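Report on the following structure.
In order of appearance the chains are A, B, C, D, E and F, and numbering begins at 1 in each one.
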Amino acid sequence: PVKRMLRGQIENFIQEDLGYHDISCQMVPDTIAEAVIFAKQDCVIAGVEIAEAIFDYFDIEYTRKVADGEKVQNNDVIFELKADTVSLLRAERLSLNFLGHLSGIATLTRDCVEAVNECSEAVVAATRKTTPGIREFEKLAVIAGGGDPHRFNLSDSIMIKDNHRNIMGLENAILKAKEMASFTQKIEAEVESATDAILAAKMGVDIVMLDNMSPSEIISTVEKLRHEGLRNRVIVEVSGGINTENLAEYAKTGIDVISMGSLIHKAQWADLSMEMKDSFMS
Amino acid sequence: PVKRMLRGQIENFIQEDLGYHDISCQMVPDTIAEAVIFAKQDCVIAGVEIAEAIFDYFDIEYTRKVADGEKVQNNDVIFELKADTVSLLRAERLSLNFLGHLSGIATLTRDCVEAVNECSEAVVAATRKTTPGIREFEKLAVIAGGGDPHRFNLSDSIMIKDNHRNIMGLENAILKAKEMASFTQKIEAEVESATDAILAAKMGVDIVMLDNMSPSEIISTVEKLRHEGLRNRVIVEVSGGINTENLAEYAKTGIDVISMGSLIHKAQWADLSMEMKDSFMS
Amino acid sequence: PVKRMLRGQIENFIQEDLGYHDISCQMVPDTIAEAVIFAKQDCVIAGVEIAEAIFDYFDIEYTRKVADGEKVQNNDVIFELKADTVSLLRAERLSLNFLGHLSGIATLTRDCVEAVNECSEAVVAATRKTTPGIREFEKLAVIAGGGDPHRFNLSDSIMIKDNHRNIMGLENAILKAKEMASFTQKIEAEVESATDAILAAKMGVDIVMLDNMSPSEIISTVEKLRHEGLRNRVIVEVSGGINTENLAEYAKTGIDVISMGSLIHKAQWADLSMEMKDSFMS
Amino acid sequence: PVKRMLRGQIENFIQEDLGYHDISCQMVPDTIAEAVIFAKQDCVIAGVEIAEAIFDYFDIEYTRKVADGEKVQNNDVIFELKADTVSLLRAERLSLNFLGHLSGIATLTRDCVEAVNECSEAVVAATRKTTPGIREFEKLAVIAGGGDPHRFNLSDSIMIKDNHRNIMGLENAILKAKEMASFTQKIEAEVESATDAILAAKMGVDIVMLDNMSPSEIISTVEKLRHEGLRNRVIVEVSGGINTENLAEYAKTGIDVISMGSLIHKAQWADLSMEMKDSFMS
Amino acid sequence: PVKRMLRGQIENFIQEDLGYHDISCQMVPDTIAEAVIFAKQDCVIAGVEIAEAIFDYFDIEYTRKVADGEKVQNNDVIFELKADTVSLLRAERLSLNFLGHLSGIATLTRDCVEAVNECSEAVVAATRKTTPGIREFEKLAVIAGGGDPHRFNLSDSIMIKDNHRNIMGLENAILKAKEMASFTQKIEAEVESATDAILAAKMGVDIVMLDNMSPSEIISTVEKLRHEGLRNRVIVEVSGGINTENLAEYAKTGIDVISMGSLIHKAQWADLSMEMKDSFMS
Amino acid sequence: PVKRMLRGQIENFIQEDLGYHDISCQMVPDTIAEAVIFAKQDCVIAGVEIAEAIFDYFDIEYTRKVADGEKVQNNDVIFELKADTVSLLRAERLSLNFLGHLSGIATLTRDCVEAVNECSEAVVAATRKTTPGIREFEKLAVIAGGGDPHRFNLSDSIMIKDNHRNIMGLENAILKAKEMASFTQKIEAEVESATDAILAAKMGVDIVMLDNMSPSEIISTVEKLRHEGLRNRVIVEVSGGINTENLAEYAKTGIDVISMGSLIHKAQWADLSMEMKDSFMS
């Protein structure tokens, strides 16, 4: 089936890396070569379909050894490639930049998901803190890591945030959101207190997001929601200041979703490399 | 003067974050509000002109308090903004995503530059390991941090890398590069041994890049170059496996440039936020 | 605030109508003229912000006399315009094509909404049967008419349709959708029988869409859902074969949403015109 | 040969319908399926090449059973398709939206053409009242219906309209148009009186368009042109207020062309559908 | 009024000349400077509106001293400019490249037009032999020089050429063209003999183009057309092998149009330059 | 390997030449034909890969008889083509416009290169005076002709020009350039006197460009540089007022590079044509 990247998109990325006259690619002899893309560290792979779309563009034959979301170990091969050498050199950096960046996100996400899974059913989710221009691919990396992408943009579902409360008050904001929302959309309210959480849940929002609360405040808020009979009516999400160290603590508070911008903005690239097959195997 | 981002570029980024029908922005009252963008940690700022281009697009009035490359401390204000509330909400995440991502790169670069400066004149440089789609902005962040952007794409200067050596041999590759290069371009050869470094320098490349060598190997190679009377004819660059911990060791080896993909691919975003002015000041 | 159309989008539409050398515009004298856009029939107006974006592009001063969603009568003025004559001629057809097409949709939607409102609380919604390239604007026209836009594209919320049932069975499809959905998304299942409606509701979908059922089948299905205690857990939508004649009958069946592709694909343009002010007033 | 839609164009339309993460398509099993696109009403088909371009994009094998401009009856198959199920789901709505919208225009055009053919040699033509963004496809639908597309944009031929007369007077406008026109272009003048029609014909315009005149006024104007010996020198076009009811009356007035914006802006979509082959045949 | 270049177009041209990091522009002090664009040879100016669009993009204030189509002499000033120095440097080459290239075309066209005017009423016209990507601007330069742009693309009017005759024969091609043409389009037939010219004229084409005929053959063909009473029914165009030397000879043959690809493909740029005002005046 | 033109680029060029409804292409019978592209004059060919990319787009089978940079003689075949006739007609003008324009540049460049080679080792180089939109292709034509492309845009290497000297003085400009340059870039200073040439060389620029100097001034400047021991440290380029007549004189002055805008802006197209195979061979 069609890869997850449109051809016009790929061309923008290619143009960025190739420039007008890539002598260092054109100067190699016009022969067919084989190469591998392999891991230089343990990691979870993401971006495989994007790499394939790049290979397709350059008429590179490939065998995919790993799917998105699979763990690989140091030296594991991800792709076997065969093409004229010019095309291999042209596709090298771009495919590695996508695979390295996205696998880094998938790997960090997987770590968080596994940490949470040990003590909770909660879902780990991303946010809109993503690198401009490639959000859709970063969200796919979160999914590959086992996380939830959360909304893709401002039009996806309606989220009432701190600046909304500052501008128009929580109650007003919820009323307005319900008036304007499509029946196909969920409404989420970010709150900073149990009182507001209860208000939001009573008013019928689908998701309550507890922002920057401590684990104990969260436990107490969940308890109050249960006491009011509202716990099952809302999805409870927590966010703010959550990192790999304190993640477990938050996971145990009885909430449904932990969203972490850091899945993306603190992820470090996975170390992947492309090598001509002869040198790789020797 | 014209900002460092073309208007057509901005629209692509805006479209990604807005989607088709951003109710959560449109639902706020049509009033004028003031806001600030401020730091929630110490960092070096980058991306200020890009944020300004975004503000211009949304007709947001701004006062810039900090320039690219300046250090700020927790709570320092970077921009004061004034606009209708809809536009502030629309510009918020996109401008923060750029500022946060780029300031993270500038901050890490500055750390490395300062570490090197303590013991050497060497330059810290980036590589082509950049996030697809925004290389030019990431390179500007490296510059803001005090680093050298290195080449922007495959057409900028000619770089002979390991895969070239595997395909056609070092000597052949240099000959071919010299034949095809414009007189306006520099030629750089990546090598893994002192012998190859000397060969490349003798053949007249402008830059020799010592790849994945240990500090002692580097010292010995530099010495051999000097001994052959070639040291002043080439710029010596080192790369591979250099991180914040071992950076100083490499810096002291007598080389000219240390290039580190990690300036970009291990950088973590700076924590910045936008708040309505009233709430920020209270 | 920023209009609902990006400047790059407008240029595509302008280019389509102008071509390379629009002599018939350029041949008029270089003077300032005033013009009005007015209605030649009663209708509900939509597309006002898009027209404004076009006027902005051509530096046309305008006074808007009517907002999206307002009813106008024959001869009512929608915009007063002032600009050089060349620009007025260049903006004329494009702005009228948008206003006429979108106001036609808004007008038909309003008719349906008013018909439903007389006998029900049900919402009238659009579908994905929209003219390629301008879906976002057609959805806004539906909103202007008082309708619900339904999802904007295949990624907005998850909809299980007849072809899913044919390919993988309803139960399987719902299980898969629940597994893959983000917690921020709603899941909708299209069904053709009461049995399937109950199955879907029991499995926890957010919206059940009764496809191509007669009013009596719908009434009976709603009753069965109520009997199973599921009525309040799902939004019930009906679709298929509903038109302005039989709309009331469907509206009275106790469902929540009536979706009609015909809001868009059977709408006829509203008749609007631009005239130089002198001729309009004489 | 190359289809009538450039690949870059198709991607814009695909992106509109797919969004970032189309779970409802991706969730189906990765198998090959067969499907048909068929008519649910009698109609004239248009847009076949555009559908083919979409199928090509998604690597869908197709057999076309009907060409543009052919009449089909309820249940007639237009395309037989074979592809992986994901691709079928992705191509479904977009191809149907084009085929349905364009076949609606072709069907209405054919009705008008046939009505005219019964009593006249006159040509039925479209106008520039087209849906923004897809004019070229709507014009092709008019051609499929047997109509004349008229000019595609403001640069195609030179048309002097009411606003030109208001701004600079008819005589002046014709003089200026003749001065600026290329010898490859025709000049058309829209007039509202026999006197102006004669003036325009005498001045050598190629086409006189009688705007908003009654059939009897038209007959009298044609007679006066003949009397002045001008009838054979100009093409006479009528427009304004012509609909399917009064079309025949206008057709009999001795004119050459009847142009009707309504071919496009009053057309209703043809009802077409895609179904998996098994369900279609059972 | 709006300039003859869309903003999105300008950005493509700017991007080509600026690249990612234009140090040589950015390194100048941030001051306001004045500059002039002036001629270094006598020439006819074209492209003034395009230069203005570029200046607008860079917020450069300008006073235009010359309009398209005007003759200037060595040292004449075309634009006075005022802006920050960075923007002046950024706009310099692009605006000069357009002005120089287009003024070269206008100058050569004017020479040809004046040569023809001395002995004939014939029009001098361009062809579709234009530089890919900027045809519309080159055609405007021809107009500025006093020439006729001829058709802008393959859809403008219908032209039957040698390859049509080879493929389907002249008569067949004319019949097919008449069948497919819109009534708003002219039909032109390229012929190589008097016999074909008469055939084409009899069949009602609007323009007959005598291809690669000698002046005497042309004279004889025109005479035969006159003899058949066809001369006034067709525009007679000649083309092929016409240059500045033999132009007068062709002009005197009694034809209507002389089309010359060489207006564009043999034109040499006009020599224009930008200089800071102080240096220019000293 | 991938051709030197991205598919998205090609589509822009195609759209320019095809327009919306190219009847003159569509009207030919749907048969397969063979054609040749051949030279109608002696010339050096360039643009072969671009033509191939266009043929690929239109699914035209081709056999390339000549490579970029090869000389052909009148009547030599450059491409043999086979495709449906519609596609041949659609590809004809665009491929010829590229081949003709670029071969013209290659031919003029080759003439200059050969003239220089007779008396010097100097390189002939282009400038940034290129036709907007197709610089990369024109630079490739210069390379095909044996010339050096010089820098592709303002970001490629740093060039200090007359306007820099006017604004900030030569010394200052060099200091600033060295401060801002990447170690991967060369710095070039344009000077108008021997004194400035020596200053620039002493300050360490890589290239000194002697602007608008006479051959005797150049000889004297080169001598002074040698006297100061600077000759081998800099590449010496000359530019300004150099044409095919005086080229040899400049070539003998002992400089390294002669750059000539005229390679592009005075080049005249090579005369190439496409013909159906039957007619070509008869």
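Throughout what follows, contacts are C-beta pairs under 8 Å (C-beta built on N, C-alpha and C of every residue); 3 or more make two chains touch, one makes a residue touch a chain.
Note that the coordinates shown come from a computational prediction; the quantities given were computed from them, not determined experimentally.
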#### Entry: Chain labels contacting chain D and also chain E
C, F
### Message
Can you give me the shortest step count from chain A to chain F, moving only between touching chains?
### Response
1
### Averaged-CA centre spacing for the pair chain E and chain A, given as whole angstrom
52
## Note on the structure
The distance between the C-alpha centres of chain B and chain E, rounded to whole Å, is 45
### Junction residues of chain B - those touching two or more other chains
7-8, 19-21, 90, 135-136, 149, 152-153, 155-156, 185
### Complete list of chain pairs which touch one another
A-B, A-C, A-D, A-F, B-C, B-E, B-F, C-D, C-E, D-E, D-F, E-F
### Task
Provide the residue numbers of chain D that touch chain E in the complex, in ascending order.
123, 125, 148-152, 155-157, 182-186, 188, 207, 235, 237, 256-257
### Message
With touch defined as at the start, can you tell me which chain A residues reach chain F in the complex?
### Response
7-8, 11, 14-15, 19-21, 30, 57-59, 84, 86-87, 90
### Query
What residues of chain D sit close enough to touch chain C in their complex?
12-13, 16-29, 31, 33, 35, 85, 88-90, 92-94, 96-98, 100-101, 104, 128-136, 152-156, 158-164, 166-168, 173, 176-177, 180-181, 185, 261, 265-266, 268-269, 274-276, 278-279
#### Entry: Interfacial residue positions of chain B with respect to chain E in the complex
1-2, 6-8, 135-136, 139-140, 149, 152-153
